[in-house]
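Note that the chains are named A, B and C in the order they appear, and that numbering of residues resets to 1 at the start of each chain.
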């Protein structure tokens, strides 16, 4: 069954799928690393972004890739406002409350989408939806290759942002020592909101890369939440490089596992790796903290 | 670890009773069992949650039927009493379906139509059975629904055993007529009750007719990527691919097959989620063309079906099996109420049990219920041809010849 | 002792409900509220009293449910014999997950996520193996007789779930008043200082997750007896895990009455939004979500926090 040609095609395909996972996980890992919250609304936010791309295509005829410069700032603004006006205020800084608040937001978004956009699964047709290219003898879909490149670029930009800018320094300071950062005069609430905004901006980019080969409906985000959590843990919570590599690894494991064990049981590999990493290396494969 | 003060406790108890009372005011409708006024019918579907798409289409079909019946003068045997839809949302969870049945019972419904998904139907039919509320099952293809001896449960459409059996028969006929070009088969199915049950039946029966089931692949809902499955189809290179899954996965599977340039001699689906969907045909005509499906379908020569299709499309909705099955189930119920000449539940149950209704546009013949299952219910074989869905088998209903093997 | 008396009064009051209320709808609401309270109590033992947040309590729920269904359907056991086995398996699952994750020192989000992963692993396994019915699920044959733990009248189910909830109350009360409970809460408040005081942190947490697993399995067992059907998604999906943590957080974590109050409040809220917002799909659940966020923002320590804020100085008690 595992002929080399299939194995290679499956591996390449897994890597490109993993790149999309990585994009979604990048936002989640930033939010986790800085705010120490597990954002249950991440899937719902991805759904909102996908609808954004969908309607830009349907109403204004914008190509999903052209929508990038609209969706990324729009999602950033939404994320900034959401953290500043809702999550930050409602949660009083308590972990269990953040959980409920993000859960509540997820319920609201999902059902508002159902109310406003109806439950139909929507797809878009682009000239390149069905185009493929040949890589080492394997047929790979063009939108997935673009997504792969996009994920690399976004991860690189995030690394630059956190490593080289003032905002990045503030983010790192807060991630490390929240009280100390406040004492030296960093506007913690602002940085929190910036981080949340950037986290959702990543979803804006992910949505632009995802929609050409996928679909959107009010529940679409749920399918990505667990996988994104897995990647965040695997890569080390808060690590961008970890999220990128973690995404690629998970994509690979899912693909090869599916080939080997069947699509349904193959998913188990993801979670077994997840548990093993949590138990034996909870800082993640690439986490800095010991 | 602090001991709560006694006063706090009292206050707490007072508060909690107030809370319970508040819930009572807002939550519990009073018992209404009117003998005049409109006849209440529960329309129960999962209109939120992961089944929302099908649930909303189901609700649409039922409401159109109720509006038509009322516009045509209501239930004549009861002095033109109107039917009032009591809408319920099972939120895609069996236990919420049960809560809705209880509420509908309280609200005095005479019957219930629903509840689309098998797992929900199992729960709602037995909840309704406690009050002998007649429960017409609209889709719910799991055969266990009508195998538990519940006297109140009636399923108008076929279950997956009949559908799978018919699929096997028709496939064999079609293949034989074409000179037996197909011998090897691969089954791709979703992992829950309907897909697994269907796949089990197919892989048990097909070898008896001389076919080789090369591989059976089960996949999750949602499956985010079908490239692996398609790679395996490519490697196995079966003559026929049989998908049994829901709309999203079906559409993704076919899109990926198209992309990877995998073209078997036929894609022959059983209750295929997107195959008999005008939405899929409209949005992806190139992918859909040639696909064969064994599914719930109307008699294509019946003018009433075509009129309803026009009406639904005029509402900018797609004419899917959820819509027309629910439409028919409401009419089936209305016929039973007419013959029962009563809004009484027991009388309607008896009327349904003895129903010989032929006023529908399905290829079932007059209804005849044995243990709650409509004996004549069967699927039709459809093929997407020239951007439309055509009946190809059996010959009584066929609009055109099957195009098999398919050449893209 | 006063608290025990209050629990007894509550139990008697609920037990009397079927004598006055005949509406199947109202009884179903009471049953489902108690059921949500039971899941909440189970979660609250580990999450509220022990400070170990789980996102995967479905793993215990599903194990109880499947044990109940498999033993009856595949092995022909009587439901009453299957129940102790289901509870034991729930506890064993707790021991397994607890031993692994506490041995390796998982806390906070890490612990939360590992429980989630275990639930997913078991969902996939239940989906794969034939003895769980795989994707088809398992159906317990209808036989409305108390001898098979099925009841023709809702009162029977009400007493069954009430029995479980009272057990949950007694355990919670015991955690409030026993030495073990004090250790557990000391571990929650500060693991390092608890260890310095000689508390066996690992053992204390392990016992908590086992008790929590047993109670949650009771919830799963009840689900199967009440609805007669279980599949991998219902058993091990995210739904049961979320339902378990909602009620205690809304009601007040680490309190005896929090889970019940939270369950009652959430049910009332769900019913109210459903009745007020009309039939347009989604809008009622969206309203439910908005109120949930508002409740958290105005009652950061849960409903019980409102009562405690007056009784004690701010911050000196734990909600």
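To be clear about the criterion, a residue touches a chain if its C-beta (ideal position, glycine included) is under 8 Å from a C-beta of that chain, and two chains touch if they have at least 3 such contacts.
The model shown is predicted, which means the values in this text are computed figures rather than measured ones.
In terms of inter-chain touching, the protein chains here all touch one another pairwise. Ranking A-B and A-C by contacting C-beta pairs places A-C first. Mean C-alpha positions place subunit A and subunit C at a centre distance of 31 Å. If you average the CA atoms of subunit A and of subunit B, the two centres end up 35 Å from each other.
Among the residues of subunit B, those touching two or more other chains are numbered 47-48, 52, 55-56, 191, 218, 220. Residue numbers of subunit C whose C-beta contacts span two or more other chains: 127, 135, 281-282, 284-285.
Touching of two or more other chains is recorded for residues 111, 114, 119, 218, 264-265, 267 of subunit A. On the side of subunit C, the complex with subunit B involves touching residues 2-3, 6, 23-26, 28-29, 32, 127, 134-137, 139, 141-142, 152, 176, 182, 185, 223, 226-229, 231-234, 239, 257, 261, 264-265, 267-268, 271-272, 274-276, 279, 281-282, 284-285, 307-308, 310-312, 316-317.
Subunit A meets subunit C in the complex at residues 32, 36, 38, 86, 89-92, 94-97, 99-101, 103-108, 110-115, 119, 218, 226, 229-230, 233, 237, 264-265, 267-268, 271-272, 274-275, 278-280, 282. Listing the residues of subunit B that touch subunit C in their complex gives 1-2, 4-9, 11-13, 15-16, 19-20, 22-24, 26-29, 31, 47-48, 52, 55-56, 87, 89, 91, 93-95, 98-99, 102-103, 105-106, 119, 122-123, 126, 130-131, 144, 148-150, 190-193, 195-197, 200, 218, 220.
Within the complex formed with subunit A, the subunit C residues making contact are 47, 53, 55, 100-101, 104-106, 108-110, 112-114, 116-118, 120-121, 124-125, 127-128, 135, 238, 242, 245-246, 249-250, 253, 280-286, 288-290, 292-294, 296-297, 300. Within the complex formed with subunit B, the residues of subunit A that make contact are 1, 3, 6, 9-10, 13-14, 17, 111, 114, 118-121, 123, 125, 129-130, 132, 139, 141, 213-215, 217-220, 222-224, 227, 254-255, 258-259, 262-265, 267.
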